[in-house]
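Heads up, there are several structures right after this.
Here chain A shows up in two complexes: once beside chain B, once beside chain C.
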Partner chain A sequence: MIRERTVNAAILALLVAVPAWAQWADEPFTITLATRVVIFAVAAVGLNIALGLGGLVSLGHAVYFGLGGYAMGVLASHAQNYSPLMEWPLQLDGTKSMPVIWLTAILSSALAAVAIGLLALRTTGVYFIMITLAFGQMAYFFAISWPAYGGEDGLSIYVRNSFPGLNTLIPIQFYGLCLAWLGVVLFLNARLARSSFGLVLTAARQVPQRVEAVGLDPTRAKLVALVISGAITGLAGALFADLNRFVSPTMLSWQMSGEIMVFVILGGVARLFGPVAGAGIFVLLEHLLGGISEYWQLFLGIILLLIVLSGRGGVVGMLSGRGATHE
Partner chain B sequence: MSAILIVEQVLNGLQSGVMLFLMAAGLTLIFGVMGLINLAHGSLYMVGAFAAAAVAGATGSFVLALGAALVAAALAGGIVELVVIRRLYGRDHLDQVLATFALILIFSEGTRWLFGSFPLYLDIPDWLAGPVTLPGGIQYPLYRLALIVVGLVIAAGLGLLISRTRIGIQIRAGENDREMIAALGVDISRLYTLVFALGAGLAGLAGALVGAIQSVQVGMGEPVLISAFVVIVIGGIGSIKGALVGALMVGLTDTLGGIFLPELFKLFTDPAKATATGSAFASMAIYVLMAAVLVWRPTGLFGARA
Partner chain C sequence: MSEPLLATRGLTKRFGALTVSEDISIDLRAGEIHAIIGPNGAGKSTLIAQICGALPPDAGDIHILGRDATRLDTRARARLGLARTFQISALAMEHTVLQNALLGCLGARGTPWRFLSDVLRNGHLRSRAEATLERVGLLDLAAVRTAELSHGQRRLLEVAVALTLEPKIFVMDEPMAGLGAEGSRHMTEILSNLRKEAPILLVEHDMDAVFALADRISVLVYGRVVASGTVEEIRADPTVREAYLGEDA
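What follows is the complex of A and B.
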């Protein structure tokens, strides 16, 4: 466990040092790349709460990611067109304020997670995987065929949303915001894992019958985990949309769900910094292999396959030896 | 809305249903016998379609193209099973999802590498082109009618294979108790490869058959894969009968929903808005159907395992 702590510290140091160096060397693209890593890491930390703590293999986390993205897109597009969001029963305007957008993203994803969770948690195992996948597709096809917010083409936002006291158009300042959020969700994750709720959740993953026998409701614990997980991934979606100033149904696609899951497994399931390492390696591979070959996903696939087949515990697991792995 | 249109749409729904069944049958067998969730099943569908398009382009024979699709997909499935999949049987579903997700990337990009990004086209042969007149004076494309017949014949054949032959007995035994049938002297790993190749071949055949009415392109398999997942969740994982019933339900819901929901909404709002809203909801109809079935029966209509 000491070694895992060292690995975690090294990852954290990299997240601070690389953008600081890029700022000094005037390499804004590197900062954008690092922002991508941090935002994906937030999304993956979200999934890791459901997956690592709750044992819920959700292949539909793109729903929350995309919902967060659309929360940003819808609010900001109404603000930039000066058209009200709705007029009845009360007048609601769009907004370009990040805190409001974040709150909307978190709440709407949490609500979606409640609805999906209530249905999906009736099932277990492979049914759960397929149902979460199907809900993802449902949202995806809805976004494609619903013309009000860009349909298949998506929505472009011309200017990045604002945060009081900061100029979010400067890459390093936006990076700082995203890194702060990563810090918050990692702290939350660590506290959650050690709280009594975390213990119930771990028990519910391992032997739900025993949890029931002591008078607790394992399904409710899983539902709460899914809601927290979805809310965090939704927040990441809002940040991601703001990074690109663009949101489209691609954010809801099942490939997106697959990628978020890849971040978690690549780094190490149920390890605090696993999702961060996984997102970092994925973005780095995407960037490096993308520079070498047009068919970089072929090599990505081979590397992923080798990692899965070779062993377990992901990259953080490999570096820090056996510890808290999933069973 | 005329009766002829309704009959036509029901036939379209049946046609897409039986093609979905070819995909879902393999998926449900592979899960039932080996306990493996295979996201790469859609890639085998794509392999079949590409093999058919390539052979049809080279020889001009549609029958040879279908044979090539079946063989290429079964071969690809067999090789993948031997090299990758058999290492995943003992693993949890999470590892299976990730590994087969990686396989999708490899198959898709590999195909793009070989054939390029532009869609290929597979032509309907002359002897199946054109419409036929059904009883009641309904004109319907002969090829689509042939797809329904072929699909139902394969479904019947598969049913016989599972219920009447030695290999079928072994497959059913493998679903129930794999240690026991290994102890009785059945080469279980050969059986696994065989089941996987059989499922892959059916997927490849479906890809080639559908490829003649759509374009053949990279990524064509994934939407079908997800519909097939919906099918086997509705039907109950591991059940061939469930796969058939589920596939027909999904095919009909999808097709009829796309036609009738916009019409339904036209009763309430103006036509342009109704078409948009209706088709948005129609694209979600099969998932709503799935959710409804699961609320009623969490393990699907014919699913046995809890």
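What follows is the complex of A and C.
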């Protein structure tokens, strides 16, 4: 039985040590795998704010992930084709600058979350899940049928976007950027959980009638949580598209939403480092088992089943020896 | 007599053919405990739900501090100064006792929209929450998870959360429910002191507590107020004895 803080520190140490070793041993593929882990972790930290703190079972987080991806794809493709995004009322060009792309990804995902949240939060439970899923499917089929940005084939970007002072084409440098973002969103998540807003939000998950009785709006708290959550997952989408230099409707698919949720549940719902552990284990299994069998997800399913049945605290919960944080 | 802080006039609510509230006019004045008693199914909870804004009445109106509050929602009524307790404890079980009290402080005059600063380190808020817990004798348990409290301690926390709102009116739905004799005495003592701060509309089954606490009693039977008066008047009222206390007049 070790404490959760120790587990978190160990995960953080691995995120630094493994790529450092790979850099030293000249194993760029390992760095790419680690980058995948970190980006998925950012996406899952986003979901964990809605799911873990707010109790919002969103099966549509691929919307934000994909929006972030397309924010990158659209801006970068216009820049690489030297065609303006729009000419009227003012000329707007594409860009290869990561900070601008990130901001676009964050803002567009946040806006989408406002729209989806306003509708979905009128319902609870299984209906909430269905509505978020429906929005995900709408976005998916829209992306497939819209030919301007590649439709079903997606969009390829030839050169990774740029960040001032870095050469993002060097794997370890891009990894550093992504790791920095993971640090930022984890910090944000930790502070949020202990803030006034976090208290109202977690109370709104448990006893919405009480929150109303003290004069506060539980639904508004959940909406704000969903917006923060979506914005973070959207940012992850932009990073993921930049990692692959490719974006396609797959990023918007419901399987993607499911995977983001699997990261969170695998690692531990409502645990700060749960999404990081979950993303790490998922990518590792995908890589190791994927090499052995095409049906690796069968094993993933069994592992997920065992973890969920063994006490709901996820891997982080099992390692730190504390039970479920939820009732 | 001063103007009542809380008043209902002709409150009526029907569920289909069933009339659960029929022309209910009651009021609550400063400094008093007004108890609502009645057999099971008399419509006490429905009345509370309408007063607190959880259920819209079909007819009649509700005045809070002289304002027509009939169309206000639960939150707006809470902000006007109405604090309720729940018949079945509605507490955040994963939260500590202190966090539950802090939620009330945030609601009343707090700053719920702070995202980055640690709410437990907000000295002003925290001392208010702790002062309230001390009043009901729960300060020693401030760091304990609410799920680990006994039933009696949860009932006290219910009252404490209402207290954190520093309300003008209390509406309490069976605060003694499930308490033993000892717990009931303790709660009676607390409520008795509370009336000086804000009057209490008290729905209660525990007759000993009601007769010990109430300044006035209204008796609800099949959705109608069949009698209303002081404790002595109600004790002596033949209709009440027949309809509620189960004695032949």
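The criterion applied here is as follows: the second predicted complex is superposed on the first by the 323 of 327 C-alpha atoms of A that agree within 3 Å, B and C clash if a C-alpha of one lies under 4 Å from a C-alpha of the other, contacts with A are read in each partner's own complex, and residues count from 1 in each chain.
As a convention for this text, contacts are C-beta pairs under 8 Å (C-beta built on N, C-alpha and C of every residue); 3 or more make two chains touch, one makes a residue touch a chain.
Just so you know, these numbers come straight off a predicted model, no measurement behind them.
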Sticking to the clash and touch definitions up top, decide whether chain B and chain C on chain A clash or fit. fit
Answer with first, second, both or neither: which of chain B and chain C does A:203 touch in the superposed model? second
Which holds for A:211: it touches chain B only (first), chain C only (second), both, or neither? second
Spot which of chain B and chain C makes contact with more residues of chain A, would you? B
According to the stated criteria, A:138 is in contact with first (chain B), second (chain C), both, or neither; which is it? first
Please indicate which partner A:195 is in contact with in the superposed arrangement: first for chain B, second for chain C, both, or neither. second
Which of the two partners, first being chain B and second being chain C, lies in contact with A:123: first, second, both, or neither? first
Would you please give the vertex angle at the Cα centre of chain A, with arms pointing to the Cα centres of chain B and chain C, as a multiple of 10°? 80
Contact-wise, after the overlay, does A:106 reach chain B, chain C, both or neither (first, second, both, neither)? neither
Given the touch rule stated above, what does A:47 touch, chain B (first), chain C (second), both, or neither? neither
Minimum distance between Cα atoms of chain B and chain C in the superposition (Å): 14
Do chain B and chain C touch any of the same residues on chain A, and if so, which? 326-327
Residues on chain A engaged by chain C in the complex (per definition of touch): 188, 191-192, 194-200, 202-203, 206-207, 209-217, 221, 325-327
Under the touch definition given earlier, write down the residues of chain C that touch chain A in their complex. 52, 54, 73-76, 78-79, 83-84, 86, 90-95, 99-100, 102-104, 106-108, 110-120, 122, 147, 161, 164-165
Within the complex, which stretch of chain A touches chain B? 51, 57, 59, 119, 122-123, 125-127, 129-131, 133-135, 137-138, 141-142, 144-147, 254, 258, 261-262, 265, 269, 295-298, 300-302, 304-305, 308-309, 312, 326-327
Residue ranges of chain B in contact with chain A within the complex: 31, 37, 39, 84, 87, 92-95, 97-99, 101-106, 108-110, 112-113, 222, 226, 229-230, 232-233, 237, 276, 279-280, 282-284, 287-288, 290-291, 294-295, 298-300
